[in-house]
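Chains here go by letter, A, B, C, D, E and F, matching the order in which they are written, and residues are numbered from 1 within each.
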Amino acid sequence: MMDYAIHFTFACFGAAVMMCLWRIITADGVGTRVLALDTMVINTIALMVLYGLLLGTEIFFEAAMIIAMLGFVSTVAYARFMLRGNIIE
Amino acid sequence: MKLLRRVFPHPHLTILLTIVWVLLANAPSLNSVVFGLILGIVIPFITQPYWPDRPILRNWPMVVEYILVVLWDIVVANFTVARIILFKRDADRQPNWICIPLELRSPEAITVLAGTITMTPGTVSCDLSAKGHNLLVHCLDAPDPDAVRDEIKQRYERRLKEIFE
Amino acid sequence: MSLFLIAALPFLGAIFPGLLIRAGRNVSASAAGLASFLAFTGLMIHAPAVLRGEVVTARFDWLPGLGLNANFMLDGLGFLFATLILGIGMLIVLYARFYLSRHDPMGQFYTYLLLFQGAMVGIVLSDNILLLLVFWELTSLSSFLLIGYWKHLPAGRQGARMALAVTGSGGLAMIAGMLILGHIVGSYDLSVILQNKEAIQASPWYLPALLLILLGCFTKSAQFPFHFWLPHAMAAPTPVSAYLHSATMVKAGIFLMARMWPVLAGTPEWFYIVATTGLVTMVVGAVIALFKDDLKALLAFSTVSHLGLITMLLGFGTKVAAVAAMFHIVNHATFKAALFMSAGIVDHETGTRDIKRLGGLRHLMPVTFGIATIAALSMAGIPPLNGFLSKEMMLEEAFHTTWLDSHVVIPALAVFAALFSAAYSFRYISHVFLGPERQDYPHAPHDPGPGLWLSPAILVLLVVVIGLNSATVAGPVVSASAQSVIGGELPYFKLKLWHGFTPALYMSIVAVLGGLLLLAMHRHLERVWDNLPRPEAKAIFDAIIELLTQISRTITDGLHNGVISRYAAIMIAFTVGIGYYAYATGTTGLPTRVPLEAPIIPIIGWICLVGATLAIMWFHRNRLLSLVLIGVVGLIVSMAFNYLSAPDLALTQISVEVVTMILLLLSLNFMPTQTPVDSTKARKLRDAAISVVAGLGAGGLIYALMVRDFAFPTISGYHLANSYKGGGGTNVVNVILVDFRGFDTFGEIIVLGIAALVIFALAESVLSSNVRAYLLNRKPHWPQSGDAHPLMMVVVTRVMMPIALMVGAYIFFRGHNQPGGGFIAGLVVAIAFLMQYMASGYTWTIERQRFYYHATIGWGVLIAAATGLGAWFNDMPFLTSDFGYLHWPPLEEFEWATAMLFDTGVFLAVLGAVLLALDSLSRFAWQPGIQQEYPMDINPQRDAPPVPGPGPDTIIPVGKET
Amino acid sequence: MVEFWEIVIAFFLIVSGIFGFVGSFGMIKLKDPMSRLHAPTKATTLGVGGVLIASILHSLALEHRLSLHELLITLFLFLTAPVTALFIAKWHIHRHETPESLPDAGEDGKWATHAVQPNEDEPDQTAT
Amino acid sequence: MEALLASAVGVLTAAGIFLILRRRTFPVILGLSLLTYAVNAFLFATGRLALNAPPVLNKYADVPYTDPLPQALVLTAIVISFGMTAVIVMIALGAYLSSKDDRIDMKAHDSVDAAPGEDV
Amino acid sequence: MNHWIIAPIVLPALLAPFIIMVLRYHLDLQRIFSVAGTVGLVGIALTLTAQAAGGEIQVYELGNWPAPFGIVLVLDRLSALMVLLTSLLALAVVLYAMGSGWDKRGRHFHPLFQFQLMGVCGAFLTGDAFNLFVFFEVLLIASYGLMIHGGGPVRFKAGVQYVTYNLLGSTLFLFALGTLYSVTGTLNMADLALRVADLPTEDTALLRVGAVLLLLVFCIKAAVLPLHFWLPASYSLAPMPVAALFAIMTKVGAYSILRMYTLAFGPEVTITQGLAGDWLLPAALVTLAIGAVGILGTQHIARMVAFAAIASMGTLLIAVSLFTPQATAAALYYAVHSTLATGLMFLIADLVIERQGGRIDGMTPMPQSGLIAALYFIGAIALAGMPPLSGFVGKLLVMDAARDAGDFTAIWAVILVSSFITIVGLARAGSLIFWQSHDARHNTEPDPENEDKVIHLPPPEPMPGLTFSAVFGLVAGLIGLTLFAGPLMEYTSSMAEQLYTPQHYIDAVLKGGEQ
């Protein structure tokens, strides 16, 4: 039961990741691309937690957490770059 | 008191950090609480120059209420938006900009409000006005912008005003 | 006196003239003269023994491993040459003192001269052919300096380079020849080599060795076709010409042929190569000399001719010829040096050496006239002068020699050369000194003081004395030297004026009469000569060198054209090729591992990775997009690490990823955001081909590796087993990093620290150049938005940063036992500070910064090193770790480990390095006007209570409240 | 009991899967960039949230230990996602909107993104 | 799985090298980053692949561990290549700013005596 | 416990951060400490040389972990000599850099310099393949910093190329190490040697790939054609004192080849047969030829010396690639010579560039040329391998050692012809710079067309005493090398002997593990 659910969710998020990639490649503006990257990061976090759930291990938690933290930084950096040019000013 | 203020520049933050540490350690024990507390004192001390004027939370029950309201709204809005995305044709949607005049003045409060708006699917807070007295919000599908604005002011801003000011 | 000292004296003496020149020209010259004189005296001490036929030796093992030993020997041959070198050397020192003008750096001159003298003495005294080579090349070098002494004359520079190139290359060939010779014999000692004639001549390597050695000799002795450098060396001051280019250096080749005569001569190869070359040189030199108008050029070609003569004699391979050669060496040295000096005097006094502008000097310069005439007559072979004697002997030998079954060729050509020889000698006398006096000499000529004419006078005296009394004066030396050339019994010979009516006498008479006839016809012949098409050696040489230079330039510039992509392509192609070769020449077994299954998620990851990578290739012109895609790749790689049981790697990868991306964004801010098209289709195809091949190589290699097990148990088994026991940590990767292989990590943080330092230094140097002005006036890529530091960002950062620091601390403390560690913690903390930078701006943040990045890096490295050094006090090697457990009630026990301290060093170094790098880059964008007062641009609280709305035109400036 | 928890966990997982999918699907389907911005909020909230809740429940119910550190991820996402969205929205406003195409900003006149100094494009030296 | 990883390494290498062969500094830097990913993955894979076997010792159970050494090596390699990338980014920026040209190629005759700031 | 072995690494590693932290703003103190540190390094190196001279191989187990598992430093005669050579060259360079004021033309010269020394010494001392990589990176990254020290557009551009090329090399290094580890499961060189010897035949192909990739990496460092392209631009555009220090960097490559290909993949190991010999020798010959051609074909003195460095590496690698004890002894002698000579010539090039700009065009006058011309002459003699300096001895040794090789005629021909081209090139350059300019100064008015080519350089170095003593020091080194060629050759022979009996090394390293 739970295994099926996990695999279903895997499939959903897997598809989500690929859609994000598709968006990154095909989008017409950088903003959308960054958005798609951000979404991809979030989906990845979900995937990692799921995988930890599947294996019953907590070893992936830190990675998920760090990604959650750092994904933000990189998205902000891209956005700042597009808005101001300087990331740090 | 002054000394206490200098050692604990940020009691709320200290508590938050201690909780974060215990969560991180993921095994509640005396060790982790003590250690978290030490770090929770040290880190605000280090970072206090970056947070010069600190807000004071006045109404704790309201904080809890606010969180519950927001969580509920998130769940509801998720379903609404999922329906829009999956089943509504793009042409039928009516995306809209909404300007919300703010009564809040504290940056922290404004941030919480804007964050709430963004986290409830369907609305995204997009910008502040040049002096920070209005919030620009984008709605995914809002046939009636004014209603959305009023709801936001009613549901969230009112509560936040009580919490922060 | 020891031979070492004799050989060393000129070198020692060379030091002084240069140093003493401040004390005056006379002192300098005296020092040089004294050195020569002492050496000469030392030589003379050995004279009796040598003339008795004894060989004086001195040995010193210099480089026994190679066989290069400082062994010297003095036999007759060496004695003859050494006497010439040192004796004439002293005369030249005297002559030069008065010859050189006030403006010439005389100290330098004597230094060079003595260096040369030492080298020559070294050649003739060497008993080791490698040592001989050393001195041989030294003569080339010192003559280079001497020829180029007058730096302001282009002819001097070119002549010097030409001489160096020709004689130097000959010397190089000789190196090979000598090495072969030494190999055949098994020793490089001359005395040993000279005993091994049979072995050498029987060896298959005889001919190559002979050719190579002769190449050296011929170039040095200006034999045809290498003769052309000698006339151009005449750009040197006359003392140099007299010394090097008549008496000594050019005879080095002759010397060596004589030296090697016992082992190399006597074969048909020797005869045909050496004798023919000598013959041709003799003829060619003599003919050309007649038509030269420059006095020194005339003498130079005559020298070429006479050197050819001696070479020919040696080439004959008969003992008598060898004796004649020795005798002619002496005679030529005397009269030619005297002639050069007299030419120098003429030049010095009249201001020209052009024969066409001279004539009639006999009354104006009687002394010079006398000297020059006697010397020239000797050169022409007029009895009773010494030149006559040796020429007779040469003609005699030539008469008896057959060449390719022909009895005529050699005698005829010898007479022909002698005829021209007489002619140019007579021309030297008549066209310079005889004839009517002229009015248009550049200077008013008169005889110089004795300082100048004394030296040639002494030589001329010798010319006469030897001629009249050859047996007693020159006899012993000639016999002794001939003895050492020939080796065994001396043949019967007599040095005397009258041998009776021999064929040689008739030939001589023909030569002299013919010479007079030629002189008479000179004007007509000259016209013919001038119209004769003939190759100009210098032009050819210059053209060759120029061609060589051009080719070199083309090759060099063509090969190293600064196109890095080509360099890289070559390297990659080469690597793949060699790698494939290595693979193909080995054997590989079947797979021994069962591959892991590939569920759907890794496949999706793979698709994303490959898709993103291909998209990067496709869209790489759009730099921002490529960066975003690189981010995707990094994310997936990090995920893959996680998936494949490497949580530490995943953490590191993702953190590094973010920092790298920010660095790239920071720099992209100043760079174009688009890459223009500058590759052709063909080029892209080529690049694509190379990359595909390389990709296949890398992928194939790792696949081949992964499907097979390790051939041996890996060393990491030990790490797994000892990580907890010996290192006190359960995260084996971390224990390896901070303990088992802590030294790697030590190096790694140093790399990072250096990187930051480099970046800082570079930023400093860029910002202190004129780039600063450009940066200040730079326009952004696109219009900037308002609100540089949005309120929400600032507020969120205020919460996020402490939390991020907390996470950093957590990652750090758990690292030893769980994924994490100082490195990742450093990155996380750095990113936390970075958030603050991004939120509130550089100026605002830096004002509140409480620590210095340089110091942080320094502390990090120092702490890490100190942790390592701490082990010394335990008498343990660097970086030996220790750990234990602490228990403070009521807390539970916790672990301490010195590795944690080391990790702290890592943490600090990483933190400092990342922040210093980011900080340096941020300074590029910093404008002097920006002084931020507030952390956020918009803060309604600041304006409270709200005033009724200001006009719609209100402008909010960046980072500054109105 | 275990089955019950398994069903609950499965429910959360499926919900999160659906919302995660819808979030990204929205990015493909929605045409205008501003609307696309709404899509990821689902993934952030219910998408990841569902998985996290499932994870907490899993450890609590099936492994019988309290593991709440998943909450941290939620905390981070809730803190950061609004800022991310804000920045992307600002980018859009900056590039594709003019002051006229947006609602009136009331007494402040302009929205912050548009409130630039008129000479911002000039050499920055004048910014003093 | 092995095939996936190997082919990914191959693709990353190929793309990295293709970009390195471009003529502007920025793509070259991107190429170097890609190549770094490739080599890190390569180095990592030399310890052979394993699922759910992180080299973190489990005190309670006897579980398999993957080879930790390559991981440590990759970590070192990642850090070092980060430093290298940072430096080359900076030098490339310095080159661009001081010559206003981000071409990576030089002329064969370039020499330092071109005065600082002179356009090459 | 004998800690001397690690001292050459730890000393600069401590000194550099100290300078950064404490002396960041005090150039004078930085100089004092930097020189003191370098002198200390010389002292340490002498001690190490004395310790190694007896032939005993010392092993230092870092972290007290036994040999194949932890990292070891190994001191044998060869590494001791290389460290000594490094320190001596470094002393000359640092003195020169101070005297010429180069060290204040940018930030952080002295720390980077010390780090560079640390990297080089570490590379010579380590007994672990991956640790070798780490030290390569340390020395490389420090060299990047030093190379662009002083700045300027062309130098930056060259810097980008230099870094790019070397990053490719580093990547290759990792590929090689990964392959080797993947086959043998070890990183320790001695252990590697043991395992390679016992390797089952099915794995030879992969091992060979790893071994050859490693060789290629070292060849990049050693600037073997066609992997030498990084060198000309980066050496000629680096600050000259730095380029002088870089003279040791190419030797690191040669050293590593010698080390790995005598220890682990030695001539008697069958499965790696033909990897080095087959192509390294021809490549070395071409390297020498191209280097020589480059000397003649360049128009700037710095670039010329850079090509001379390539040529000398060619000669050196000819000897290395023969892989016989005799040839290796010759190679080591030549390595010492070529390091000093190349370093000397770079310093002289700097003297010239500071005064005249360095162009070999005969247009630019060279003021005060007497002493510098003499020094140039000496340097050129050394580089061209003319007597009486050590270059000649070295060349003879190499040629003599090559005699037993099958194709020695080709080797000799290339060496001799290259020498000829080198001589022509150096003589041409020297006469154009030092002599022609006399002409230009005395006899012709400055050509208005070339007026702008005359560069107005900063005034000559503030402390000529130091610069010249550095140069004289190197000259003295060369002379000493010549005079004491015999004993030195004996010593290098004993080194070669040590190298070709790798069992001692292996025993020393791995026996340490059993204790």
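In the analysis below, a contact is a pair of C-beta atoms (placed from the backbone, for glycine too) under 8 Å apart; a residue touches a chain by one contact, two chains touch by 3 or more.
All values derive from a computational prediction rather than experimental measurement.
J.: Tell me which chains count as touching both chain A and chain E.
T.: C
J.: Just tell me the minimum hop count from chain A to chain C, counting one hop per pair of touching chains.
T.: Graph distance in the chain contact network comes out at 1.
J.: So which chain ends up closest to the centre of the protein, judged by Cα positions averaged per chain?
T.: Going by the distance between chain centres and the overall C-alpha centre, it is F.
J.: If you take the mean of the Cα atoms for each chain, which one ends up farthest from chain A?
T.: Chain centre farthest from chain A's centre: C.
J.: Look at all chain centres (mean of CA atoms) and spot the one farthest from the centre of chain B.
T.: Using the mean of the C-alpha atoms as each chain's centre, the farthest one from chain B is C.
J.: Express in whole angstrom the distance between the two chain centres, defined as the mean CA positions of chain C and chain E.
T.: 36
J.: Distance-wise, how many Å sit between the C-alpha centres of chain D and chain E, to the nearest whole number?
T.: That gives a centre separation of 32 Å.
J.: Taking each chain's centre as its mean C-alpha position, how far apart are chain A and chain F in Å?
T.: Those two chain centres are 48 Å apart.
J.: Would you kindly tell me how far, in whole Å, the mean C-alpha position of chain F lies from that of chain D?
T.: The answer is 56 Å.
J.: On chain B, where are the residues touching two or more other chains?
T.: Touching at least two other chains: 20, 24, 26, 111, 114-115, 127-128, 130-133.
J.: So which bits of chain F are touching at least two other chains?
T.: 130, 134, 137, 141, 144-145, 148, 151-152, 160-161, 164, 168, 175, 178-179, 181-182, 187, 233, 299
J.: Could you pull out the residues of chain C that touch at least 2 other chains?
T.: Answer for chain C, listing residues that touch two or more other chains: 556-557, 560, 562, 564, 568, 572, 627, 643, 647, 668, 698, 701-702, 705-706, 710, 714-716, 719, 740-741, 744, 748, 751, 754-755, 758, 762, 765-766, 769, 780, 784-787, 790, 792-793, 796, 799-800, 803, 807, 818-819, 930, 938, 946, 950, 954, 956.
J.: What residues on chain B touch chain C, complex-wise?
T.: Listed in rising order, the residues are 13, 16-17, 20-21, 24-25, 29-31, 34-35, 39-40, 43-44, 46-47, 49-53, 102, 104-108, 110-111, 114-115, 127-128, 130-133.
J.: For chain D, which residues count as touching chain C in their complex?
T.: It is residues 75-76, 79-80, 82-83, 86-87, 90-91, 93-94, 106-110, 112-118, 120-125, 127-128 of chain D that touch chain C.
J.: Which of the residues in chain A end up touching chain C in this complex?
T.: Listed in rising order, the residues are 10-11, 14, 17-18, 21, 24-25, 30, 33-34, 37, 40-41, 44, 47-48, 51, 59-60, 62-63, 65-67, 69-70, 72-74, 76-78, 80-89.
J.: Touching chain D in the complex: which residues of chain A?
T.: Listed in rising order, the residues of chain A that touch chain D are 1-2, 4-6, 8-13, 15-17, 19-20, 22-23, 29-32, 34-36, 38-39, 42-43, 45-46, 49-50, 52-53, 56, 58, 61, 64-65, 68-69, 71-72, 75-76, 79-80, 82-83.
J.: Can you list the chain E residues touching chain A in their complex?
T.: Per the touch definition, chain E meets chain A at residues 52, 54, 56.
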